[in-house]
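Chains here go by letter, A, B and C, matching the order in which they are written, and residues are numbered from 1 within each.
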């Protein structure tokens, strides 16, 4: 069978019934995991609510959401630590809902790493191979490979307590990867690291995933991390998938107020629909702040719309620019954020906006409290997330 | 627990005594067996003489010895068993009693006097006596039991309780062999060994503290026990008969003695004389069914008390124990070995 | 460069002070240990080389004979049996106590304290009372015997009381909580993700237990083994009451030396030997049982 790098085909596979596992190399874009109406209840609490999700072979999918949203339960369902109350989970087309974790070709990197303290680094990594009765010689070889892969070569005889946090994290990763899982589950694996190390590890993980071609399902509550690493992000909210898409899709076109608010920063504004002529629609964000958007963004007959505007999309100038959707405001507060200045702008009618402007020369100190400025927003940057 | 409580009690008493010093209250310090001197006897004595009795107790002769010889407390009266009296006399640890102060000594039966432990009767006054004999549950054991040979015939294997007292056990064998029970030598031990090797495996329970328990529970049918325990059993249920073994039995006599250097010797003698009064002595018999050596007091006992064969057994060959000193180690080793082998 | 050095000095200074206070805080404990552990042991040690006189008083004249006597087969045999009984007791306590402790340690915290309470409740009742309760349960005309006979599972009366079996029952009953509590502490501390990691890596529940749970609860197991093994070697009350004093253990022999036999030096020698055995056992277990974290 040929490999299909074509994304068009990817789409087709997604919507076609699950294909038979291929005989040869994995095909990027084939379905690896499929969740069908998966629900998990703990007593009266519904942690996961009728989730449908298809995870493609070789992709880096992130489950993103605030704590308690159900993302971890979803991961545990995939690992087999929980069984669904209803619905089914398919891995390569086989229903695994009732298969215990130790018989699933899925491995997990735990948030606490869960490195066995009584075993050496080497023994930790070899654990999964030993459990699967891999011959000793092969075991040794694969452990060495795994150590090299995570840049821990030569540390095999160390004890876990002799390692730094980052090193332990790598051991946990090597221990899971050495088993060559079909899917690698990562439960907030970077949350215990300091900011700098975390950023380095984000890129490293991403590269590792590309290099190995293993399907990663990554759980995090850190939206920035999700944006950096993921091929696709599933935003989870109250046990449901709020939005599924690439990082840019989710950032630029949030499908809900929740997603807009959770990912990055957003001005969520309750706007009145003033007119809709079929080409453009007029929205009033507040008194003195009227904007027009594409007519298609607003449902015919809608009178109110909740719109999201990213702060960095608000274009701030001192003189009135020759641009659409421009209105005047006064800087109420200026917050220095290093590379950026965060501005709180009050528009005449009372509307308050947050904008982020590039920090100009420190000597001039461009923005001051009380300055009158003009705000301009591009039509496409006004995203309607809810309407009625 | 009881021991600790009693010593706490004693501390309390000592404190009380210290606080009362100004009043110069007269007192006597009695170190006696637990459950041996009724409280009303002590109260009566204080009432009549104004002398307060501080009663501290012990559970074994050995415990008493270590406290007495440790010299920590100053006792005026102690209640050792006969072989301990002997050892104390030998070691010069006792005061001679001034019998001019103890006219009631005339009430004590002659058979309890001038025993080997105090041949001249200079140091001790018999308090209570008793024997070690055989208790038989006559409902279970129909054949007559006359002596140790019957007990250990093999017929009652696993149905026997005996005292957990190594020396006592050894003497049964020695008596059966016709040997002197007070001659504890390697030769005697060697002679007794084959007999005890046969006997000990037949014993189900060794219990010195409360051998009546296993008899009452029905776990055993025959016991070789203190007469006091047998008397209680008889009072409980008449099916428990008491027999003194025909080979001979151990007669124990607990005496009142005055340790060397006792601070209140005269008052101690007053107390001894008081105890020997028939009307007082009978109170002790009413509380504890041992053999009362006070013949005048016996006259005041109820017929059923006198009828208890364990309190007042029919005459038999009785012997008391002598001090054996270091030979105790020999006994300990022999019995420990035989018990361990079973 | 000087700033960090100064701060290192500061922290070292800061460390020294609390250590001084630490020793001060330990003084009552050290005093207690010295007065009630070290001193008596020293006295015992001295006595063990002394002799007794006719009255049973300790005479200070040097002799090895007390230790030589221990090597008499009679006493060696009892040491051996004591070790065997204590070993069996420990094994049974471990077999019964481990699942209980693990279950309690892994149950939700709200239920944990209730379950622990159930383990502790027997301690509120005097040891002697509990032992007598066992006697009345096990006796030939007792509850268990009648029950088994009533169910026709037994033809004659139950013959357990005053046998070695009864001694073992008594010992296991007495020391079981001492096994449960330390294992519980270990099991409670055990991170659930360790078990999940093992399962995730392909370990069946049985192998997850032997390869991960067991090694990680080892400190609790060793503490439990020590807490049960050591005192059960020296136990004499259970042997006397439930075993009918038929099979002496080393505790009974020692008790007898300080009581009836009035041979304190020999008792002291036995005690010191026992202590040495304990120290060796502890050292051996500690050396092996140390979880290198």
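Note that a contact is a pair of C-beta atoms (placed from the backbone, for glycine too) under 8 Å apart; a residue touches a chain by one contact, two chains touch by 3 or more.
Source: prediction; values computed, not measured.
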Touching chain A and also chain C, the following chains: none
Innermost chain by mean C-alpha position: C
Averaged-CA centre spacing for the pair chain C and chain A, given as whole angstrom: 55
Approximate Å spacing (C-alpha centroids) for the pair chain B, chain C: 37
Centroid spacing, where centroids are CA-atom means, of chain A and chain B in whole angstrom: 90
Chain A to chain C touching residues, read off their complex: 79-81, 100-103, 106-108, 110-112, 114, 116-118, 127-128, 131-132, 159, 161, 175-176, 179
Contact set on chain C toward chain B in their complex: 52, 54-57, 69, 72, 74-75, 77-78, 81, 126, 128, 135-136, 139-142, 159, 161-162, 240, 244-248, 253, 256-263, 266
List of chain B residues in touch with chain C within their complex: 1, 60, 62-63, 65-66, 69, 87-88, 90-91, 93, 158, 161, 164-167, 203-207, 213-214, 217-219, 323, 325-326, 328-329, 331-333, 336-337, 339-340, 342
Residues of chain C that touch chain A when the two form their complex: 191, 193-194, 196-205, 207-208, 211-212, 215-216, 218, 291-293
